[in-house]
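Have a look at the structure below before the remarks.
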Amino acid sequence: MSPAALLLLADGRFPAGGHAHSGGVEAAVAHKAVHDINSLEAFCRGRLHTTGLTTAGLAAAAAAGCDPLMLDDAADARTPVPALRAVARKLGRQMMRAARATFPSAELDRLAAERPRGAHQPIVQGIAARAAGLTPEDAACAAAYEAVGGPATAAVRLLSLDPLAASWLLARLSTEADAVAANAAGAAARVKTEGLDALPSASSPLLDITAEQHAAWTVRLFAS
Amino acid sequence: MHLDHPVTMPHRHTYSAEPLRADGSLRAFRVGLGGPVGSGKTASVAALCRTLRDRLSLAVVTNDIYTREDAEFLLREAVLPPERITAVETGACPHTAIRDDISANLEAVEHFDQTLDPLDLVLVESGGDNLTATFSKGLVDVQIFVIDVSSGDDIPRKGGPGITNADLLVVNKTDLAPHVGADLATMAADAERQRGALPVVFTSLTSDDGIREIADWITGHLTRWRAKAAA
Amino acid sequence: MSSGSRLAEPDTPLDPAVPAAGTEASCGHPDGVHATARIRATYNGRVTTLPQLRSDGPFHLRRMRTGGRAATVGIIGAMSAPLGGDRLALDITAEDRAELEVTTAAATLALRGPTTAPATYDVRLTAGEHACLRWLPQPLISAAGSNLRQTCTVNLAATSRLLLREEQILGRADEEPGHLVSRIRVHHAGRLLLDQHTAYGDPAPGWDGPSVLDGHRAVGQLLVVKPDLDVSRAPVLLREGIKDGCAVLAPLAGGPALLATAVAPASSALRELLDEALGHALATAGR
């Protein structure tokens, strides 16, 4: 693997649309559930172990070579609200564009043709990782890191939090993010023998509910 | 970035600004409109739509700070049917969406390209940001930077990427110059110093036909761009 | 409970989605209660009959008096369960054209018991063609110190109908909850419709934070699957804030199904939300 390729894929500046999404933190800020660094850390920890674990599993499985269309159905079944399915597919399209330009691959081209409206983003991310010569655990790591990096960056903008404190928060969560990625990669490795049920489906009721609330707002800064 | 399978590497595509679509047909011409808050970007877009909509098939993408404010304005003013106006969300960073990560804007313009046929022109309006915000060449074919006299006649002198490099600089609200003590001659001289041969238009959008010169500039570019793409 | 000598056992993995290597089949405790109750409903051309009604362990099954063609079964707790180390299962099948409703008489209380080993509680629901199955148990309460892994596995034929309600109360009044891990998987016409896994109570990481429960202690879901369900409509949001509880009712991707997800400070508010969601779901269905 190439560590630099992983840094590129996981970089918040990778032009795949992530900057316009708050990962639910804009809704949590509006509800005053996130208001400072400590509540942001609790938010990020919860997201890491729910959505983060699930997306990391999907990304790892895609990077391991599982059928992306079956993974896409598995992702749908793990995403019970339409707002988050729409976001996942929109970000999947944007990730696809960036990935095809950055890591050209026949597998990316094939998925783009088969899912013109976009596959779930972590699946595209996993295939991009594969195209970049990265491992399933690398892909899981990128997904897990993104699950906390996105909300942390968004909260810095929304609450004018100290960006240094937010960086420290991400550093504190890094061991847990690594563990989530390792779990996800382990699950992806078991798909061969156990089927897609082996993949995590960790979910959070509030992320689902507030994502639909947020989607119904007429005025918002972030797309999700 | 080392890849292990260079032999099977597919042809590297770019996925942004080529003039020809996958089927070989010509996509719509894309014009970016940027500039500081309150300089009249949305008013320019509205005026351009009214002036050009009878001649060209048009669509507009807005990049608002808050979701859909500018899009709502254009819808209220009914400058175009609703299916020709869309808003891109920018996560509190409008300049990122037009310059660093253009994927959401590309999605929006390509959606128009796919759903509106024929489509001649897409106007992409940036969120009111600051003097440093410019459009990526991966997103638009030409860009217009709109400033106004009431924000200070020293803006052209201060420069910045928008002032210096935009394909067209529009100095709006010239009718206010006497009231705010702005010296148009100084502004013109400063702009020329910053921009060299690149054009500058002084206008007042509230006057009759204040938009004509800008509309003509766009249609001229559209014609030349088409001729070049067809060649 | 049935046994007085429950031995300590090494902790089994907390998360069935990511079991640690080598410990996968070790849940349950040698001295815990192992019980599987079964209900099988068939349609005889006139009414639904119950050719199998097998009580076991804590599950005492009782056929309730009902009118019409449906059969209703009540589950009465015959002993305190689940306790740590128990392995409990409920197998409920509505065969083709049968119409079956199953309820529980009282809330199910997960308690610590003499061991900290996890208990398991597996509910399997199956509905055949044109069958109708309603699974409407009283809430599950996760008491302090308890450790329960719950699964709900649902298999639905393409033309079947399902109404499922699951409510979880985290802790009795003013106590911290035990550890409650649940996974629900629903297949419809052979296709995966829903797969969700939740983990609440220490040591589940992040469970009480603003992205998961934000201090709420009651969480539940209501699932309606119906072949003629109109799933094209927009999601329904119940309550604007999150402090006093809130819910969303929205269509799933893989079939004619609506899922309500709700959180609330306590059980009464949760039930209110789910009842309201049911009203919306049935209005959508046009009955």
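General observations
The letters A, B and C name the chains in turn, as written, and every chain counts its residues from 1.
In this section, a contact is a pair of C-beta atoms (placed from the backbone, for glycine too) under 8 Å apart; a residue touches a chain by one contact, two chains touch by 3 or more.
Chains and their UniProt names: A = Urease accessory protein UreF; B = Urease accessory protein UreG; C = Urease accessory protein UreD.
These numbers come from a predicted model, not from an experiment.
With centres taken as mean C-alpha coordinates, the chain found closest to the middle of all protein C-alpha atoms is A.
Using the average of C-alpha coordinates as each chain's centre, B ends up farthest from chain C.
Annotation: 28 Å between the Cα-based centres of chain A and chain C.
Between the Cα centres of chain B and chain C there is a gap of 55 Å. Once the centre of each chain is set as its mean CA position, chain A and chain B turn out to be 32 Å apart.
For chain A, the set of residues that touch two or more other chains is empty. If you check the complex, the residues on chain C that touch chain A are 15, 17-18, 183, 185, 191-199, 204-214, 219, 235, 237, 240-243, 246-248, 250-254, 259, 261-263. Residues of chain B touching chain A in their complex: 1-4, 8-16, 65-69, 88-93, 96-97, 100-104, 106-107.
The part of chain A that touches chain C in the complex is made up of residues 24, 28, 31, 33-34, 39, 42-50, 53, 57, 73-74, 76-83, 85, 151, 176, 183-184, 186-187, 196-210, 212-213, 216. Across the interface of their complex, chain B is touched by residues 2, 4-5, 8, 13, 15-22, 90, 93-94, 97-98, 100-101, 103-106, 109, 131-133, 154, 157-158, 217-223 of chain A.
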